[in-house]
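Two complexes, one shared chain (chain A), two partners (chain B, chain C).
Let's turn to the complex of A and B:
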């Protein structure tokens, strides 16, 4: 059997036993059916919902009956709803402050853990510990810890850190940002630790021979060499906090009032509490669009070859 | 040559360590208190009369069932993800048709899709498929959202295997299944372990899918059970924190047993 051009997938699949020419084998001689199960599940439960959420944002649906066409009314409603507009503002604050809080700590901690200090093993084990808790567990634990009557407030100084931290609309969002940081810094520190370990020791030796100080080593060797790690970690941090749900849902439920109601929570509450799935889908579309745009932008920054090979950066 | 001590990093590291450890200490000591002692003693004091009452209460309230559900969902998701991703990666790396390259890009696009944004259509589909409130309702979407990262990691590994190895097996008359089993599988084992750890942890900890796609306590998984314990035990904070502690034990055990694998699993695919 001879393969004709253009190569149809069916022809490839049926030819894999009979096509004998070695050259032809190399050209697409792998059976297509190998990719089918993954493509099917991924397409059905990830790609199709992505299209579906766009469709549902033009529908009216209470979550039980049948969705009916509603045109742009859901979008008009969402974009004029003060709660959702405030959720967008809160989300920007949440994403930016989370990043400013987590990134430097993760970098310093990771660089430190990769060094040769005494006690490093102990430090690495202990700082890993938050990773063994699920987000739900972290949310519940901190809710108890920050309880105004029986929690840490009896130990903490009064003033900005005193009183009912989670019940105060002015401070709740920053407390949430702190707890999210507590939970996620260890993961990013691990990324940086892994990144630092791949920096050739010769670079440090050369710089040291040239008389570089510790700070100069950090600034002119470590930071530039960690370029890809910084971009990867930042992408995960920014896109991650954009879509952050579990921990805040458990910790504050979006409250007090709507002080911590960031977009993913707003979407959940709009959809599964108020049963307006169309409006919730419109919020979902906004989330997906911003998330995709941020990923693509950061990926562009990292160079287009990034996805092609892990070796690209070396 | 020894690197110089990083003073700035060190200070931040030790300060952060204190912040890390205090809440964990609090969780554990509080779970060992009597309910009455919780109201009387300071939050960070050593329990005056440590007790396992809270743990007994949690076990009497279906903890083992939730644990088993989590285990089933996680194992099924990881196993299927590994098999279908390895097969797909084999095609995506070895096929030279333009369609394969486009398909790889489509899979990688999935890395940027926020799960939250798609939850409403997923809910709709699961209801329509008659899977609502069942374990498969959790397994199928978990696999779908695990495939992009798995394919990325496995493809990167398969690419580094010289094409001659595949060709020579072919010439010897091996089928694709045989090549997959005897060549691709052993050589990508580190990648598969990494994917297994990473996907396993994500599925084990997942909260949103169970919250939206299940309802009955018979299909409840561990993270969601923590939330329901919180309502159930209302003022019994030691019991809630005992459940939190217990929920961390499996991951902690995995860390103790396979520390190297777990850490590389968490960082692989994202490293430089």
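Let's turn to the complex of A and C:
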């Protein structure tokens, strides 16, 4: 109570003081000090640890004793380590292929399920099931299903899709991408379904009157109207798969060899198996920087920084 | 009063009743807590144990101890193996370690000693150490001082076989590496995988490299690696061992898809007791696993043998590899009362008569000298006698390399070794990569 009271009276006081209409008040914004609690929490739990990690990335530390200064040689070591370089390559493949696999399926599934027929509702419920399972459960279940000796391999076709799926260095990453996609497509489909249901029916009616075909409705009404949903979903997908860890850890542990050792796994194994905390911190900084750059770039591309109404001109 | 105005009142009423309930619940709990704490300050004595394996037997010794010594109680917490490994090091590093620190000796113990985090317990545990098989006890010694004492069973790596499968194919259990290569095609023709192995976990693959290196070159080869001698991984014995591993891979000796078989799910053992595979090289805990998962098979068809010899090899074929045991160290940052309680527990409970009998009954072998008669009287006399003799007669007992080496080298060893099994690296490339981690 002691914390909230001055804030609320302050807000009231300031609006009284300016004594302007509602429009004016919105433009002037809320008093600056209202950002203080959020800034404190953000500083304490995000900025401070980040600074610690950046500091640690210039040090040598095995988890015992005190860290010793290593300077730029720590970064030089990380950036020339073949395992980490390979992890970067795998991460790029993982992020791109995951996106190419998930995005179209999520969009089409979401648009399809935005229809209001009863069977679609049932289908929607069923297809959302993967969303409620924890990553660890999905990992353990798929590992059992894909076990080359006791799993589904006897009913799977032979050849590229059969047999030793997770144990083959050439295929393991793609199997992992499939399983990750399987568990995340429902979430993105849900986003798209909500997005489609926001589109005013008047737009479709007008376009139909102009003689638009179903495909044209999709291409010229649905897709442009879903612009912000696409940006949101893509940001979550790209940044999410950049930092994806738990399911892969359970499914393959980065193996076979290092065929599925993407950067977040490499960071974990470097930190908590090899106990080279400095190198692990450097990898963490790289991940944070790339993730930040990617979401800023997507935000810029979409123009959503301007926060204009989605239904402008309507 | 309107409906919306009443809502906060309802919420408030609910909240206060919850608070009252919470207080009511907390009061007796708090009392019980202070009651259990006991009078002495030794209640901050603590030990972390693992789940599974022989650990329930260990945990029980703490219950017995706490009942008999209310003034020296030891608080026990249990962790899963991998979770423990990742938690213990940060706890020790931050001075939050339990009084009794369980470790596998090797690189981790050396790190603890170097940073002054474990106590020198040479004098206090001399009587206990004297009863332990010397090849096991020496693992807890660093620079001539005892920093760790064994706490459970010896875990040599053993070749388990499915005798039914061997009989149906009509071959003998291989005594030499050449025998092993010769039986591979016979099993494959019969549609049976010659060797089961949990390749995704990688450490079972390490057992093959350790045994072959030891048989070909003797223990000196790995000692040179431990000492960080330049190019020690390029020793002809290591390269030859890796070449033999790839020979086995190319002959199809390991079960199809071995790189996605994990040890934690127990499917590597299941392959053997379901007759899909003929052999498995695994730690001595495998016997208990077979007994639990397939009691009938363990009683009738389970065979066990020493690792095959390599003809012309310099190593003694009686040498063994594995884990000599798990060890207790005493935290250097513990208070004097806690340290005393921990040491008293070690002297009183580890390998006491009751404890030895309990371990034998559970199917595991304590590393104590002079147990032959007691073992002969047990239900699992065949297996326990075999394992006991194996350890007792071994001129050298090699600690698992991934425990013996510093953790950074150990992880690189496992990664590179899995690539040799996948034929992504040649033995020479492996040696070059590993030489980079030395010194």
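The rule we apply is simple: the second predicted complex is superposed on the first by the 260 of 314 C-alpha atoms of A that agree within 3 Å, B and C clash if a C-alpha of one lies under 4 Å from a C-alpha of the other, contacts with A are read in each partner's own complex, and residues count from 1 in each chain.
As a working rule, a contact is a pair of C-beta atoms (placed from the backbone, for glycine too) under 8 Å apart; a residue touches a chain by one contact, two chains touch by 3 or more.
Everything numeric in this text was worked out from a predicted model, so none of it was measured.
By the touch criterion defined above, A:253 lies against chain C but remains apart from chain B after alignment on the C-alpha atoms of chain A.
After overlaying the two complexes on the shared chain, residue contacts for A:70 are found with neither chain B nor chain C. Using the contact criterion defined above for the overlaid structures, shared-chain residue A:272 touches chain B and also reaches chain C.
Touched residues of chain A were counted for both chain B and chain C, and B has more of them. Looking at the shared chain after the overlay, A:242 reaches chain B, while chain C stays out of its contact range.
Legend: residue contacts after superposition of the two complexes on their common chain; A:144 is shown touching both chain B and chain C.
After overlaying the two complexes on the shared chain, residue contacts for A:38 are found with chain B alone; chain C is out of touch. In the superposition on chain A, the residues of chain A touched by chain B in one structure and by chain C in the other are 63, 143-144, 147, 150, 272. Listed in rising order, the residues of chain B touching chain A in the complex are 1-10, 12-14, 16-17, 19-21, 23-24, 26-27, 30, 38-39, 42-44, 80, 83-85, 87-88, 90-92, 94-97, 99-100, 103, 106-108, 110-125, 140-141, 143-145, 147-148, 151-152, 156, 159, 163, 167, 170-171, 176, 180, 204-205, 207-208, 211-212, 222-224, 226-227, 230, 237, 240-241, 244, 247-248, 251-252, 255, 263-264, 266-267, 270-272.
Interface of chain A with chain C (complex): residues 62-65, 83, 143-144, 146-150, 153, 163-169, 172, 252-253, 255-258, 269, 272-276. Residues 7, 9, 12, 16, 22, 25-32, 34-35, 37-39, 41-42, 44-53, 55-56, 63, 67, 104-105, 108-109, 111-113, 115-117, 123, 126-137, 140-145, 147, 150-152, 154-155, 182, 185-187, 190-191, 193-195, 198, 201, 204-205, 208, 214-215, 217-218, 226, 228-229, 232-233, 236, 239, 242-243, 245-246, 249-250, 264, 267-268, 271-272, 277, 280-281, 284-285, 287-288, 291-292, 295-296, 307, 309-310, 313-314 of chain A are the ones touching chain B in the complex. Every residue of chain C that touches chain A in the complex is listed here, in rising order: 86, 89-90, 92-93, 111-112, 115, 117, 199-200, 202, 255-262, 265, 267, 270-271, 276, 407-408, 410-412, 415, 418-419, 422, 424.
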